[in-house]
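Structure below; questions to follow.
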Amino acid sequence: MAATPLLELRGIDKSFGPVQVLHDVELSVYPGEVTALVGDNGAGKSTLVKCISGIYPIDAGTVTFDGKQVAIHSPRDASELGIEVVYQDLALCDNLDIVQNMFLGREKKRGIVLDEPTMEQMAGETLASLSVRTVKSLRQLVASLSGGQRQTVAIAKAVLWNSKVVILDEPTAALGVAQTAQVLELVRRLADNGLGVVLISHNMNDVFAVSDRIAALYLGRMAAQVKASDVTHSQVVELITGGRSGNLGLPPEKPTDFVEIMPGAEQ
Amino acid sequence: MAATPLLELRGIDKSFGPVQVLHDVELSVYPGEVTALVGDNGAGKSTLVKCISGIYPIDAGTVTFDGKQVAIHSPRDASELGIEVVYQDLALCDNLDIVQNMFLGREKKRGIVLDEPTMEQMAGETLASLSVRTVKSLRQLVASLSGGQRQTVAIAKAVLWNSKVVILDEPTAALGVAQTAQVLELVRRLADNGLGVVLISHNMNDVFAVSDRIAALYLGRMAAQVKASDVTHSQVVELITGGRSGNLGLPPEKPTDFVEIMPGAEQ
Amino acid sequence: ACGDDKSDDTATGSGTGAKAGKVGVILPDTKSSARWETADTKYLTEAFKAAGVEAEIKNAQGDKNSFQTIADGMIQSGVKVLMIVNLDSGTGKNVLENAKKAGIATIDYDRLTLNGGANYYVSFDNNEVGKLQGQGLVDCLTAAKAVKPVVSYLNGSPTDNNATLFKEGYDSVLKPKFDSGEFVKGPDDAVPDWDNAKGGTIFEQQLTKNPKIAGVLAANDGLGNAAIEVLKKNKLNGKVPVTGQDATVQGLQNILAGDQCMTVYKAIKKEADAAAELAIALAKGEKPTTATGTVTDPESKATVPSVLLKPEAITKENVKKVVDDGFVTKAELCTAAFADACTKAGIS
Amino acid sequence: MSTSTLETAGGVKVVKPTVASHFRDYWGRVRGGDLGALPAVLGLVILILIFGTARTDTFFSAGNFANLFNQAAGVIMIAMGLIFVLLLGEIDLSAGFAAGVCGAVMAILLTEHGVNQGLSLLAALATGVVIGLLLGYLVAKVGIPSFVVTLAAFLAFQGVLLNLLGEGKNISIPDGFIKSLNKDSLPVTWSWILAIGAVAVFALVQFLRYRGRAKRGLVTEPIGIMALRIAGLGALLLITTAILTQERAINPAIASLKGVPIAAPVIGGFLVLWTFVLGRTTYGRHVYAVGGNAEAARRAGIPVDLIRISVFVIGSFMAAVGGVMLVSRAGSVDPNTGGSTTLLYAVGAAVIGGTSLFGGKGKVIHAVIGGAVIAVIDNGMFLMDVSSGSRYMATGVILLIAAGVDALARRRAAATGNR
Amino acid sequence: MSTSTLETAGGVKVVKPTVASHFRDYWGRVRGGDLGALPAVLGLVILILIFGTARTDTFFSAGNFANLFNQAAGVIMIAMGLIFVLLLGEIDLSAGFAAGVCGAVMAILLTEHGVNQGLSLLAALATGVVIGLLLGYLVAKVGIPSFVVTLAAFLAFQGVLLNLLGEGKNISIPDGFIKSLNKDSLPVTWSWILAIGAVAVFALVQFLRYRGRAKRGLVTEPIGIMALRIAGLGALLLITTAILTQERAINPAIASLKGVPIAAPVIGGFLVLWTFVLGRTTYGRHVYAVGGNAEAARRAGIPVDLIRISVFVIGSFMAAVGGVMLVSRAGSVDPNTGGSTTLLYAVGAAVIGGTSLFGGKGKVIHAVIGGAVIAVIDNGMFLMDVSSGSRYMATGVILLIAAGVDALARRRAAATGNR
């Protein structure tokens, strides 16, 4: 923990109407490291990511970036700081093609005219480097892509830019064997280039393969943030499913406001 | 191969406009067995599933179900035959709640009135059995669910019914560790109950854990359909990424009409 | 060159040859009044047919764009005479100018196109229509011996220039009464698009605002009927006189029932005949002799040779006149419910 | 926050809700942007206050209150049908003139063919159904966008109406049952019987639902909330009835005028019917599903085309009902019946009430609330003394204010997180 | 199928397209449902054949052809602006009366204040921009649904127009530049210069694009296809010009009438401008993105609110242009300018052309094609001899046929797989 964190969250609370999803969450992302963010389904990982990137306003807490406290009100703010995100719900424009999606919001121009040839060339190179082999044309609408192809486009879109922090929310979920390997390699390469990388994944093999640090969310609370080398596979699974493992994790009392399935409250 | 297949495809062709996605595909699904359908991103797995379930009309080929040749023109036809599908692009109605989505198209009624209590009760039981623990209310709109929660709802929706064939397209992609285990167990249980199950997955561990038979698609062609016990992990990976492994798989010439990324053809 | 009555001559007249040229007629709409389709079209068609002159009669359906499109088409197809009922003076003027540029003779029918410079004008006097309505209401209120009656206005569409003229007419009669305190001025509202349903709501609200309303100046029979229905709901029909215009079957029936005090009858057959006569002469290349009157265009101050007919006030006493003229048939008017009233009114 | 838990369906532990927690949750939902019809109702209240202040004695009179029902009925009926069409993300531009055509069919049968009132009414409704089948077929089976189909129908029906009315005559309908529909009032006794009956049935339904859930061990809302809801509706209905059973004749000496306008139970009846259909039947569920995600609905085996046709049938059927109400009120049909702003107001009513033009989101009550907003604006505006130009402008601005209240409330709520 | 391959950007091997493969691909796309504007054009051709057969000498005259441009110009201009609004899934019901208001501002400045033609025109356009800012602000920032905002504006602008003009009045504009815009024609020489110039520029642009791609080693279409495209446009423009430069005065002795109507280059100019903006600029790309998936656009850092405001500005600006064209053609403004069916026709033009009401899908050319369909129907119908009622009906049916061709073509294509 010698380096100062590139991105630091403190005391983040977030509710949707009557439901509180994040409780007092802390998270530190260090430059040159991959931080894996793990947690059960519905733990709040994606919500946390969207709070960081300005999609959801936070109810309480502070975000510090590069040592300065910042207020992120929109994805635009986040990307101006140098935070790039691959969202779990990919958010591509189905009515645009691959190239158009990949450059959305940062189109290359010559004068006022879009520089399509340059964009097409860059897109082709990036996709090829991610082992995409079955796309018929870069001018195909993303609506007609397979699940894995969409995922790759979303990843390519985010890593094309010079950013300081890259957050990937389950980037390999839909990917094939070769593509997964490529993406994990890319993740490692980004960190090695000095970026702060946050990787969300349910796959423990992947997590241990690339990450330096592991943060475990449990029912909206940060159960533990540890070095990957300090914990075992099964410890992490315990943290995910129970919120604690040995002396790691949350105090044993279960948070009362997190009850289970509740049939019957009218919507 | 003693038993006769429950579902048998022969010579399936499928094109989208000028692009042919499936070439002369064969597939047999046996009762009481899990058939894993594997293949690279964009190989055509999801397209094949949608052809089976009547979402896409097929260009050529035959579908035999329970020994009889059938024509499936719509998902309704498929479900009347007893084929249930969990689609990769989940297709839930975001404006409906969990219970409403789970019973969509087969609502329980008392007279002409919807029997909400019964549906709510059944939904609650099914979800609980799939290790869903963080849903706040069964009356929550699915729009507000996490990725894994949506996935679980889609699975629960499909397995709630008495069907003969269940096809799951990457059902565990978004799931947590515990939930994945539950779903794999469920898949095995369905097969053990005599159903024919097709499981699509990129995760070789999962594939070998539950499947009896493995079918590998390569660039829209069926490269091989083999017993899981007859092949190794790495052989399957070779089939996926290269279309052949030793004397298994497609002839070595690469199909000419399947070229790689093609920048520049105007959309 | 004289047309020699080949009545089923279908050639698209280009104006050449010995026969009469074609006449184009553009009517305004179908919603402001039933007359354009039920009366004008019928009478004009008959008149041209009798003279063996080819005529094309089109209705612009209240759409100014269509109005011009029709004119373009007629000019293009080589009509020799263009007769229009403008939707407003602006577009009317424009169409007349286009026609003139193509060497076509023009007639303003029913509505004078201000500053439009048409060659002839045939009409009833719209201002006079308003005056008849005003006077009719005064007569009915006097007959009912109303004391300081509150009079409400249900004017025509604010976008219809005729409505403005009607209002000028009845204002000229009623304003002195208001000023003298003999009558009391009540609510005064225009009804968008002459929309009868809206007219009903507007009148209902006028009545809510001023329950003492004792007379209604409704600009035409449709609006009159809308007011009468509201009065019926309040069991005030027949007690509050209502005016109208156009001598529609509905209006006449309301008069027979005693719910409407009067309507204004524009003897459209005469108007149509007069206009057709002018047009026929022009189409044959003759100089018309029937336009003996003149009207001064208030804007351009030009004198337009005209045929001006007098609109007539119709009350219970002279409903018969309209039937005798053949404007409405007895069968239409004297349905079972009105058979008695018809007999009493002397219609047999 | 001491909460008691209970075990419920599927063996899952849940918190037992209390009246207090219920209110807390409600407030949380409101803060979270889940406002339902609240802001539209708020907009309506503000409108009423504006006009009530400006024209207290006329606007706030029993007579004016009663008139509102008649003034709004036509548009509300058409809007109710449009809600179904809008729920699928479709549009029906022809609803206004469809109302006119159906009304004309009825009037012609009544007058020129001497058909009796009941049959004429049925013929009008049947005409609506046929129109709906035609529109639905063209949209669902031929695949022409509904905007184009109904734009074509909008034009064609104007022609039909003109031709039906003999190129533009006005036809008066005779007195009778149909004419009373949107003109007369119920006798005072019947007014009370109906109001009290409605409250009783509502209470019974609420109670049965409560018992049904409790019996299965599902979470139930606190009895107190249920009681409050029943009391609320009761108060609303009974106060309304009390006002409407006052004498409101302009000149009671000539004729007495009291009782609930017949239009009120007609509106209420259709509101209950369609709310039931949308909320408690499979059909309604499927309408929402197709509107929310047609592809998902298709995959769930829902006959999407049939649903699509059916909403146009309901849309045109309700347009026919609306046409009957318009004709009943006007006592006559003319070539403009259902024309000018009728359609725009009907769609506007649905949207102002809270129904989305993009499908999947809407309730039948929106037609009533939105229709009331529009009727109140018209009603109030015509009580003021302004020129027609200014009236148009003021109507626009006031509409904007009413909708703005809604938007601002939702926006404020959205800022707290949920959108 | 012997294909030669080439190595292209990113070191990927691709098949080098030939003219034959290009046509094969095109046919594949057509069969696959990707029809573009083809069916709408087909519908238009069928319409022209219908009317041409029924009224050969009048419909197929140079004069009638020239008139079509003037008749369609207003609606096409308004529709072009609406395309931007529709691309975002929004609607602008007030565009018609906005056109009226802007036209009235111009007319009043021209006549009552003696302002010169250029300034008056600018004032009209500026009024459009201000209106657009207002509408956009209310939709994007206050958050009122555009249907409600523009319904309110529809009412309010009607009032503004009435107040500007004084009830029932109308204002004629003086002769001059503005009045020529949608009335007069270009001199014959200028007609030819413009047509030939346009073809030349088109050819140049095509060639430069080709060279740009080739230089980077990207796949290019075969030269033959490019040549065909240039020849096609050339033929269209030159034949049109040849027809329009014929003498078409009814009575050439009185005054000669030939040349391309000024309205044609005005339509063409705006078509090129907005097509360029939508297709070749960042702004246009962002409009499509917001229309396709507003949330994705927001996440990509696109200022969604600004884009939303901007489309209303463009919409109202083009409404102002449309207003100028309407006023120019009519030579006057009255309280109904931009009223009646103007708006419905403009939205209809966009939708018939192929633009979706749900956003994300549409092109500026759709306004022109759809506007032509509507203008041809109106033009042709008024050349026929039928009563008003029948005309309305026929117009509806013909509109349906034109749109039905489109729907059936797409449907047939969809049956082959892609939807």
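Labels A, B, C, D and E are assigned to the chains in the order they are written; within every chain, residues are numbered from 1.
Throughout what follows, a contact is a pair of C-beta atoms (placed from the backbone, for glycine too) under 8 Å apart; a residue touches a chain by one contact, two chains touch by 3 or more.
In this text, all values refer to a predicted model and were calculated from it rather than measured experimentally.
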Path length in steps (a step moves to a chain that is touched) from subunit B to subunit D: 1
Between C-D and A-E, the pair joined by more C-beta contacts: C-D
Equivalent interface positions on subunit A and subunit B, same or different at half: same
Most distant chain from subunit B, judged by the mean position of its C-alpha atoms: C
Subunit A and subunit D: spacing of chain centres that average the CA atoms, whole Å: 46
Intercentroid distance (Cα basis), subunit B paired with subunit A, Å: 27
Mean-CA-position distance for subunit C and subunit B (Å): 73
Two or more partner chains touched - positions in subunit A: 16, 19, 120-121, 124, 127-128, 144, 260-266
Multi-chain contact sites of subunit D, meaning residues that touch two or more partners: 8-10, 12, 162, 167-168, 213, 218, 388-389
Per-residue multi-chain contacts in subunit C, two or more chains: 30, 37, 41, 158, 190
Complex contact set, residues of subunit E against subunit D: 89, 91, 93, 138, 142-145, 147-149, 151-163, 167, 344, 347-348, 351-352, 357-358, 387-397, 399-400, 403-404, 406-408, 410-411
Partner subunit C, residues of subunit E touching it in the complex: 57-58, 61, 63-64, 67, 70-71, 74-75, 162, 167-172, 249-251, 254-255, 326, 329-337, 339-342, 378-379, 382-383, 385, 387-389, 391-392
Touching residues (chain side subunit A, partner subunit B) in the complex: 16, 19, 39-43, 45-47, 88-89, 97, 99, 120-121, 123-124, 127-128, 132-141, 144-149, 151-152, 170, 173-180, 202-204, 219, 237, 240-241, 258, 260-267
Residues on subunit C engaged by subunit E in the complex (per definition of touch): 12, 30, 37, 41, 56, 58-59, 61-66, 68-70, 72-73, 75-78, 87-91, 93-94, 97, 101-104, 115, 158-161, 163-164, 190
Residue ranges of subunit E in contact with subunit A within the complex: 8-12, 212-213, 215-218, 280-282, 285-286, 288-289, 291-293, 295-303, 360-361, 418
